[in-house]
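Heads up: the structure comes next, in structure tokens.
Per-chain residue numbering starts at 1, and chain names A, B, C, D, E, F, G and H are given in the order in which the chains are listed.
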């Protein structure tokens, strides 16, 4: 049995690498998917594919067309969603993806630092598992497959 | 035909009053619902109902139990969701409610200032209507009922 | 038992009046809903509520934001959808509404002239009832309530 | 991860070839499905399988039985739907397929010429991505798989 | 709390009257709905509304258009379905309605004579309650409301 | 706005009275529904309506036909489910109703004594609110309606 | 792309063989599933697995437990359902399976002799394709895969 | 065609081994999944992954986070659920899993000793098959695949 896990969260640094590497070391039969991790490309993918846009809002709107297309397709394939929040950035699309996962009955693993307990309390309350490190999230995934 | 509209967003000031008053003046057959608007009570409702909690995280968790119960019941009754974002606060539960609305095929009206266009671009992209003022949101609701 | 019926179709003339009048004469307990029937207002509702738009495509996009909001809310309330096609206009949004009705398991009554049999054959094939006049559509609605 | 993409639209010319070829050159792991592209066969498949029909309307109805069977089966397998509109033909079944995709939460990529912006505005408003060329549509598909 | 109960079954005799009368005597807050009970009208409703049909099969097909429209609308309103089978007639549409009820998670009460136990065993196996008389079916409905 | 609340749990004593009385004193607009509370009648309702049964297992099976019919109809009307566990009895049907509520996205309020924390941990983990007294459960319901 | 097709209908003769053979000759990538075709075993599978039953009705009920388990599992895997009616037998479980397919949005191909047009008119009206021979049904399946 | 079967029930002894071995001997193409069968690890998995917890209730809550995550993922993959009840233990999570299966339209095979007929009567009434031994459950699974 193979699982697909969507990694929702900011794309300014490479936090996903730790999850992928640890899962790989454990030999977990998991395909990880997620947003475009090249931040600059993600922000300009609308213009790249659809051409120049009349103003900044439409640059953003065109980019989100493509980013939402990608997220919808890949999230629909996911068995589990990991959403990772950090102290920087607005991360409203992370909250959007986390909530979409819950609404579609896909279990959510939430990673967040202690400092964000209060503002994330409603999302945490709906997550299946709440943890603070990538290592814990991978162990939660591993537990799904373990037999003893 | 009567509609139920859920007003998602922060509860630190009374932005909902303008919407309720304008809708009332127009005589729109709408029942507005939403979270507990008394911020202090919302943060301590867990202890108020379930008793003292061992630590701050559990105070938050107990409060979110009750707040999520309320949101789930009232959001399930809603025909439309208005989500209002401002420049202060994390507002991740607003994003969670907005995304839940979309996932449940409830149309979303998003109110946000121009300064938040970029970080809200993916949510805006999925909203039915994106506007900047409460007045515009009420006019959008009114349009659903107008006959000429 | 009361029913809600959505009247999908072009808004250049007042074809809906015949249906409403005939149903009213028969005393059918039906609330009819549908799009804004003032064509000019429908085309400019985006600017009216959201303000001036940078170009014609965005005028159209803003108008469709509001028109789709209205359609989604009212269609979700409907028990039956009547879609009326005529020989003029593209009417792709009529086809969109008819198909949305079918996908949401809402029975569709299709009204179309004989001349459109061929291009509408796939939609007709999925409709519950296909007829040529408003009078026939109202009789079909009436039959739902008749007891002998 | 492999995807299935349904190509909705007219079958009078071979516009689908460009999409298939470009996707093939990029090595995208996509299976393309769609309607019978032999127009004459599509129109007479009812008689071919079910035998002679008493009149022209029933020839059309029998053909649409088979065409709708095919569309329903293949659309239900699709992860993404591309709907292509051109300046010729009624294309109401294209609008029907596009709307069915949206109602079933399958992302829609809409290809249409600038001249059709106004009549397609409500469908465009619900599409994930709106573009003007097959090349752009393939790039949108490719973006789902790209990692940098 | 009011319930809607759909009475599925043949329309050659007035078996529904006993159910309606007994429920009425018990003062149960139930609205009963069901097919057109005038058998002749049910068989010719297609021609009555849509006009003369080219052959007998199309007379039947047109009639079933209207009968299925009625059933779909009323069954979608039902909280419970009673399906009554007797020793005469094919009653395949009764089996169709019973199965549609089960598939839509609407509890089914099956009334059938002892002689039909074997051929109805798969449907009986999926019904919530299987009984032999209208009186038993009404008592089952009444039990939903009783408080002691 | 009125709510329907299903009260799941054993029927050997009248624990539901406290909830109904407290909610009534608070003037909450709630209709409470639930199983037949007359335990003896609940156990013999199969024979009462369907007649004598060949053995004890079939007495039980016939009774559960009627009890499940009642539960399915009333649970489908509920906006919230309260499940109350005590130290006596197997209460597997209470667990069944609680789980059905969760699966149907109906928020669950769980009442259980401290002594049952361990064996109920998986159900508690899925409940919206977990408390120990009827008073707390009613306060949770009341909070849904409060405005300050 | 492979499809699964459920073959619903009586199990007194081997009508399914013709479908399987013709599909095999055409090389269609289809897995056919269906009920146990050994009629005697189907009728006694309850006793075979669960042991002797107290009376004939319970023999039937136990058999239908196993037969319905099988049908539910296999029907849930099916992309298309073929239901075949003949002039003999009650065939109410065939009607049940056909209706379950329709309710679950699985396209239905109905095979029936001309003599059954009238009693099957409501089911035929909901089928995607109605034909008279196994050969036609296989051609309909084949059409789903053909490219010219 | 391969099936996935979830084995719900207590984890204090190795009752699942008999099912797995018998299915293996029959060569059934079934992947069995289920909860962590190491009881001690199941009870302490919360602390193992998430670290020390402030009190016993939170040890239980953390463990159930992980156990529910596992169950949700694996149950969502299951085609059939087998729930086994014995005379020891509370087994409320077994009832929860059984009911979740039913609510998600996954057929349930219930194994229970004769002594539990009465308290399990409502769950038994909703199961597809009720039996007393693992051997019977495996035969029921085998019957899904048999062809004569």
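Assorted remarks:
Heads up, the rule we're going with is that a contact is a pair of C-beta atoms (placed from the backbone, for glycine too) under 8 Å apart; a residue touches a chain by one contact, two chains touch by 3 or more.
Keep in mind that what you see is a predicted model, and the values were worked out from it rather than measured.
Chains that touch both chain B and chain F: H. Centre-to-centre spacing of chain A and chain D amounts to 31 Å, using the average Cα coordinate of each chain. A separation of 49 Å divides the Cα centre of chain D from that of chain F. Across the assembly, chain F contributes 65, 68 as residues in contact with two or more other chains. Screening every pair of chains for touch gives A-B, A-C, A-D, A-H, B-C, B-F, B-H, C-D, C-E, D-E, D-G, E-F, E-G, F-G, F-H, G-H.
Interface residues of chain H facing chain F in the complex, by the touch rule stated above, are 56-57, 60-61, 63-65, 67-68, 71, 85, 89-93, 95-100, 102-104, 116-126.
The touching residues of chain E, counted against chain D in their complex, run 54-55, 58. The residues of chain H lying in touch with chain G in their complex are 1, 3, 79-80, 105, 107, 109, 128-131, 136, 139-140, 143-144, 146-148. Residues 4, 31, 33, 36-38, 41, 45, 48-50, 65-66, 68-70, 72-74, 76-77 of chain G are the ones that touch chain H when the two sit in their complex.
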